[in-house]
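Two complexes follow with chain A in common, the first pairing it with chain B and the second with chain C.
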Partner chain A sequence: MTSKAGPSCYSGDNSWERSYKHVRDNHKIHLEYTNREFETCLQHIEEVLDANEGLAEYPLYVKALIRRRQGKIQESLQLFQKATALNPSNVLNLKQVGRSLMLLGKYRSSMEVLTEAKRMNPDDWEVWHDEGICNAKARNYEKAVECFKKANAIHPHDTTYLALGGVFSAMNKHKKAVKVYLDGLKASPGNPELLMSCGLAYLRSDENYKAFEMLLKALSIDPKNPSTILATCSMIQEHADLDTALLKYRVAAVVNPSSSQLWNNVGMCFYGKQKYIASIACLKRALAIDPFDWIVNYNLGLVHLSTGQHASAFHFMSSSINLKPEYPSSYMYLAVILSKLEDIENAKAAYNKALSLKSNYLFELNYAITLYSFDMLEESLAHFRRFEELFRDQSRDAGADPDILEQRRVLANAHGIDLD
Partner chain B sequence: MDPLWLAQSKYRRRKYQECVEICTENLHRNPYDESFWYLKCRALTAIDWLDDIELDDDTLGDQLLDENAIAQMPRPGTSMNRPATGMSTAAGQLRTRTGRPVSSTGRPVSGFARPTSSALRQGTSLERALGTAGGRRMMTARPVTGSGRYVRLGTASMLEHCGDSFIDSDKIDIRKYAKKPGLARALGDYMLYVDHNPKRALELCSHSTKLTDYRDWWWKERLGKCYYQLGMFRDAEKQFLSSQKNCCTVLATLDLCKVYMKMDQPLKALEAFEKSLEKHKHSISLILGMSRCHDSVNNIEEALTLYKQVVQLEPSNVEALACLANDHFYNDQPEIALRYYRRLLQMGVNNAEIWNNVALCCFYSSQYDMTIHCFEKALALAVDEGMADVWYNVGHIAIAIGDIGLAYQAFKIAVSVDANHAESYNNLGVLELKRGSFEQARSNFQVAERIAPHLHEPKYNSALIAFDAGDYEESVEMANNSLEAFPEHEDSKDLLQQLDKILSLL
Partner chain C sequence: MAAEASTSGQGPGEMNTGTTERRASGGSDAAKFNEQKFWLNAFTDRVANIYARSDCICLCDVFGDHDKRLVVVDASQKKLKLWKGTTLEAELKLVDNPVALCSVYGDNSKKRIPALCVAAGPHIYIYRNLRAYYKFTLPDLAFSDKEKQVWEGLAEAKLSIEQACDQLVVLREEDPQGGNLSQRSNQLIAMSLSAGRDDMQSFVAKAKGVGIHEQTAITCICSIPKSVEDEGSQESLLVGTENGKLHVIDPVKNFEIVHTIDLPSAPVQLAATGAINVEYKVVVLGRDAKVYNVVDGQLTSHVLDLHTSPIAIICSSKFMAVGCMNKTIYFYNLAGGLVHNIYLPDHLTCMESFSTEHYSNMITVGLKNGEIRMYNEILLCSVIKLKEPIRALKFGRFGREDNTLVVTTSSGSLDIKILARAAKLKPSAATSKLLQEQVPEQDVPLNIPKKTRVYVEQTKREREKASEMHKGFQRDLCKLRLSTARAYVKSITSGQGPIWSSSEASIITNASIFGLGPDFKLEFTLENNGMKALHDLRATITFKSKGIKLERSQFNISTLLPSVQYSFLTNLRCTSSVGTEEQQLKVLISRQESCVPILSAIVKLPVVDQEEQDQEPFQQADFGASHHGMDSKADMLVMG
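Entry: the complex of A and B
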């Protein structure tokens, strides 16, 4: 906590003795407050307020601060208002009234108070920052951006950068968010929160390598932050370095054992290592924590498909589709599961649904394989041709999965087609 | 036929009412016939007999006016008021409350409904005690004073016309009867179980004990019972201990442990159980009593090994089987739990709860086709309170298969069957939140919170909503409430930390 010089107290009385006593009291209150001796501080404040019939600005101000820390924001607001009534020319009081209103979720009235404060002191970054937060909470993103930029122009702060980046992320402008975070990092290169947010913004704008770099930096500064670990590990996992990822998840699991995403990722690590039982256990735990997460259901469907428990796989995959009907791959897997359960009619329907959502060569290939295994040769050939078209288009710029190539070769042989 | 022989035969065949009729007739002819008098006394006692060993429900009156509390802040694990919640072992940590439903006392539910499991231990504030007894949760309301405890429901109406007219215990000459040991015992039981007059029974017992040179374990045990009914636990303890010294019986041990539990000294009770177990190695009641003791201080590991012992000795013990099944279920072993429940079904336990549990086990062990059938059966058998629970579980299954609409309906039905089903209200709130209607969600959480102040979930959810809406004051309050209900709730702690960070900014 930063300590800050509060408003001083001016009483109407000019006698030197009395004002000296006020200064001494205020000094004592300030000391107790900054030493976090809140109980004694409150007692002292009560004494001073009793002596002055409640007309002492600084003690009121500190009491309000303490009340806010205790979570009694309404009471704190009233105290700040009293302090403002005593000394309307002090911007600090007005700012705190604005903040209190903001903490109570009353953004409109908060903004009114802040505008008033701005009129008195237009060059205060905090007022601009608070107004920005109010705007962001009230979803006036454009205005929020403006406010934050002004705040930064007056005095750059990490919190402002973070808030501004957050607003850009909420507007889905991840490139801009990255820029903001990078600006912030220029001022304070060692702030783990900025590093992490920057990494996440990179990740969302599909710059994986840079994201990874940022996240690693953040991790080297704050190695126990669960969300950083989660983001980093999911990237490590993508590059198939499962043991490293598992090692890091172990650190995160101690800090935050009730995170559905964490258990989901651990489960998929085990899946990658083909330890299916462990994988199912982890995924089920993730599901118990967050039963509404479609991707956990989806993953469970995949694992059960690999273990040959098709009925269970169907169950999880259909749950996943119920929760998120617009994800095409779920339908493809559902179709594969249905074909394993020998329900070709529904499998075909599922393939068609998947293809209607998105045309993808993998869907076509699987469709062709399924149809072939059910002796529907002509339809299978048609879908294989479509697969070839899509595959040739896409495989030019990206290296293809060897598994797909193998299946392609087998199916081509079966159909008697000469590849190349 | 000799009427006395006939009456005896009726008594032996448990036709007590007929036995009483024959005796009354003969006593009418000759009021001083001791054999008929004795038989009638026994028969009447048998009609009103009830196993008070099992019956140690704390009544509301006892709790509010409890003068027997030993320490205000007992060490964790030594008192039922402050059970050890998080155990230090690695296996124990997984068994903390997060995964398990809790009873109204805030303790993980065991697999078996016992008298004490509805008792109110934590936070015996007057308001809360009255709140639970006063009709909010009608189903679990307990008798308000002690006199209600010793009356069996079915016999309550018969009490008047068959009891009072026979022996007036206040007028009887106790000294005279004490000299006749056989009659005295019958009379003692009659006073305790039919007349509910522990004061007179106490007099009789003390006279008889004196006459037997303080050596008879039976009289001492009854003396202890009298003291217990009068609420003088320390004296009761003394009598039971001395009875045990004369002859170490299972009965006296059970009585003794009941007293210890009443005085909230589970560790001492365990000690007594262990001592008695040395003599009676295979007594199921003793082992069961011990495991209940362990349960009451949340020492689940120990309790389970004991339940396993019980099942080895008596493979058809319902309580032990149910508890084991319950534990396996919550330890992610639904298949094994299913086997236990199937055994219970085979033994003839056929109620909604069992079918409900079977359904859940089937679902979680991926036998989906059975699940719906079992739920249907459970619903067919269910009475009101059970019905709400079954629908609540149906709602959970619906969530698991991703059918949010069905889940919503199931929870709504649960709430309509039992308007006090707080868990359903909480889940309805969560579903509303998913739909995006914050106000509805909030009111649902508030209802849940009002009905069941012991649940931390609705409080935490309210805190989260308030946090998201930016109302930090309410969020702080709710998060604190949630921590009060469940002091180890990690998410609430996290939320409070976040709030503290925001609020301490200048």
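Entry: the complex of A and C
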């Protein structure tokens, strides 16, 4: 052994009074945590805590972080508080205490802790961000917006943009939300979450083309995000490109198989392709996952109506109405179903209810047809006239559905009216 | 009908074949592109047993014979391992758990032999020619005199433990950073909050006479050229420590600390560019999710504030890339502005940069799902997939091969791959996009529940007889509703239900049982929801079983005022096993003038554990005798 200088090499200098054992493994713990090896990391932390009578700040801090990830928020909060007791001036600890309190839904105490953290370090974007989230959760939207803006002024972050946009969406200010997301995308181009949220905000403010563009971009960066897939595919589906939509739904079905909306949309794809049995199977799965979703019931009603299973169609449509009584089309379809079931009195009542909610030429036309088929010619004629008025008003600019035109011609003939 | 059903049953299948074909034609380009082998498998050892991250692996010309070896320090086995080519050439035992490894060209001697530096705890063990050469130790931490005085006072019993704690707390609060107190003091303060006095006394006794000597640990090391950025030229060592210091160490001058920079947080990784004697820049990944810059020995005010903890950093002459825990790699230009991001499909574990003669600014990334991705800045060039999570990546010259990638995985296996010389890494947006959008999930057909033959037959029947079914259903529903209403009316008029109402008043009753047995408490409440008070009611509790003893079975209620809840309590005891039929107790309320009850409530006794009762037979007589008479009276009331 060539010892050039200094103290004798490797002589086992084990005088532990020169203590560093409370910090010795911090780096390793940190690496294990950031590499998500949580189990080994916890084992390691326990060893260190045993050796230091449970008093080592950083291991406690990481243990608390892991516990919180595991959903044990109360335990993590206690650990953060322990770590804070060891070093009360560490802002990181305080911030985490605030965040744990927030997750427990104690927004007021969380904000108190955050105010304390702000006193120690006023230029910390994270404190402002967390305070904003507290305010947003407590529905103080105005205040939340203010906090997020401050956080972004200190240091812009994608998460802050996302949260701020979310607050605007919750306030129904979709245009403002879009603007926030676009700002965020300027700072961090190609963030799939921002792209998706931006797409959804566009969708809510009825700018479908831009929404679609955004969603496609999001999908090209993160092709497996189920929410993006659902939003994009529902738009593709509307444009009747069912095969493409179904192909994309496959990915979502692998990633998140228990989504009611997904199976609802898949079911409606099959409906569009006139594969009724597959459609019913998918819709029933959607219903099993979320039995109180009116739209699944409504769709099942529609599919059963198409397959001629009117008795089942009646049940689904009426439960859809029970869940969402203010949707006029449900009543129209219920009326159609009832007329197929030869219950003209109730069918008439349903038509009247639908018309009282919204005047629509399709309702009138169907009403007229139903009445005609039950030999109530006078009433039928009255509704047909009303249909004509509405139809001429509305369909002048938009091209009318050929099916409607055909029915109109047939009924006009039957009533002996000359359409031209 | 059946034919129609079967075609629609096949429906999804048909659709699937159609789309997979389309998918296959789309995917083949990417597949073909990926088949071009960029990486040749040089060596694989599934049982190499290496548990080391990137900072514990180094490719180094250990003996100065221009044959680069692979050196790995493994903390779990406390070993240093050396591979020459595919053979394990040497293994050394280490005294302490190693944290980081790097090689430094120290002296100016003619034969260029680098020193291997293994950081462990507060020490750096230096090896030359694979022999122990020198041990560097960080200086002890300095603590304030005031703190020392407190401990001396404690040792000489001048101060009580409480006083000492108070003084230490004051000392801690004086210091804005807060980290300047020794662990011993922090521990004492923490104990004063939670532990008992005895513990504290023994703690103080242990510390008696022992001076405060505390060291800190090294977290990361890296080498930096002194003046010329050439292979083999003299280098300095940069050492980051747990207490947030960055030391510059000169290996020539006896490993002396030349310069120290204070950092606001413990460093995780260092990335250095430039040369110490000319100009240099060290980028420091902080444990507090921030990236600090040190330029020419000064900490600059420019700090990158990341949202999640960074895992790895790469610095090149054009950009800086930081890989974070949120599956993202952020690219910054040299001015510190965010240029673009890469979003990864899974969690990042390690990152390594490389440049070859033909390609510069390449980045390889190891992921948790076993993928190794190669990017040219943001353009994805290739993806290889191993079977388990990647732990470390190291690129460099190994043996005589210039472009070698060393991969270790979570199970400890070692993979050595060589960049094929013929490989054409032509990064283009199109191929990158193609690789990015490969989604294997897209080829999994949708799992659509099958419908049975019975279902199909039933639908057929429904189609034919929908109207009859509907009418039948409606009729039965009406009947059901009618009989329910009738039963309800009957129950409220005959006193069988919990609600009674007449023109002047209405009462609601509710009874419940508390306890686990054999002793129970029976409580029933009465509430008058009418406008007038009711007088002279009688409540009677009846039961069938002989095994139940009630403390009180009859209550006379003189007045029931409107909207006041009255509750009545009685103890009961279950003395022998009671059949399920006999578990019911009925509370009947009747008016004084009539013996027909006006309302009743039923409670069920829970099943009683028989053994428990047998232990205390003597209590049975407690109220057993007194209420038999009442019992019969109650029965009589019901009968009447």
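By our rule, the second predicted complex is superposed on the first by the 316 of 420 C-alpha atoms of A that agree within 3 Å, B and C clash if a C-alpha of one lies under 4 Å from a C-alpha of the other, contacts with A are read in each partner's own complex, and residues count from 1 in each chain.
Note that in this section a contact is a pair of C-beta atoms (placed from the backbone, for glycine too) under 8 Å apart; a residue touches a chain by one contact, two chains touch by 3 or more.
This is a predicted model, so every value here is computed, not measured.
Peer 1: First (chain B), second (chain C), both or neither: which does A:377 touch?
Peer 2: The answer is neither, since A:377 touches no partner chain.
Peer 1: A:280 contacts which: chain B (first), chain C (second), both, neither?
Peer 2: In the superposition, A:280 touches chain C alone.
Peer 1: So, A:247: does it touch chain B (first), chain C (second), both, or neither?
Peer 2: The answer is second: A:247 touches chain C but not chain B.
Peer 1: Just chain B (first), just chain C (second), both, or neither: which does A:191 touch?
Peer 2: Only chain C; A:191 stays clear of chain B.
Peer 1: Of chain B and chain C, which one touches more residues of chain A?
Peer 2: So, of the two partners, C touches more residues of chain A.
Peer 1: Between chain B (first) and chain C (second), which does A:153 come into contact with in this model arrangement: first, second, both, or neither?
Peer 2: It touches nothing on chain B or chain C.
Peer 1: In the superposed arrangement, does A:74 touch chain B (first), chain C (second), both or neither?
Peer 2: first
Peer 1: Can A:309 be said to touch chain B (first), chain C (second), both, or neither?
Peer 2: Once the two structures are laid over each other on A, A:309 reaches both partners.
Peer 1: In the superposed view, which residues of chain A touch chain B and also chain C?
Peer 2: Touching chain B and chain C on chain A: residues 1-2, 4, 257, 281, 284, 309, 311-312.
Peer 1: Quick one: which bits of chain B touch chain A in the complex? Just the residue numbers, please.
Peer 2: 98-99, 332, 366, 368, 396, 399-404, 434, 469-473, 476-477, 480, 490-491, 499-500, 502-504, 506
Peer 1: Quick check on the complex: what are the chain A residues that touch chain B?
Peer 2: 1-2, 4, 65, 68-69, 71-74, 102-105, 107, 137, 256-258, 281, 284, 287-288, 291-292, 294, 297, 309, 311-312, 315, 318-323
Peer 1: Looking at the complex, which residues from chain C come into contact with chain A?
Peer 2: Chain C reaches chain A through residues 5, 8-9, 11-12, 15, 18-19, 22-23, 53, 75, 95, 97, 99, 121-122, 125, 131-137, 140, 172-173, 175-179, 183-184, 186-187, 189-191, 193-194, 210-211, 213-217, 219-220, 242-243, 254-255, 266, 268, 287-288, 305, 307, 309-311, 325, 338, 340-341, 343, 345, 347, 349, 368, 391, 410, 433, 436-437, 439, 441-451, 456, 459, 462-463, 466-467, 469-471, 473.
Peer 1: Quick one: which bits of chain A touch chain C in the complex? Just the residue numbers, please.
Peer 2: So the residues of chain A touching chain C come out as 1-7, 9-10, 12, 17-20, 22-28, 30-31, 33-37, 52-53, 55, 57, 82, 85-90, 92, 125-126, 155, 157-159, 187-192, 220-224, 243, 246-251, 253-255, 257, 266, 270, 273-278, 280-282, 284-285, 307-312, 314, 340-343.
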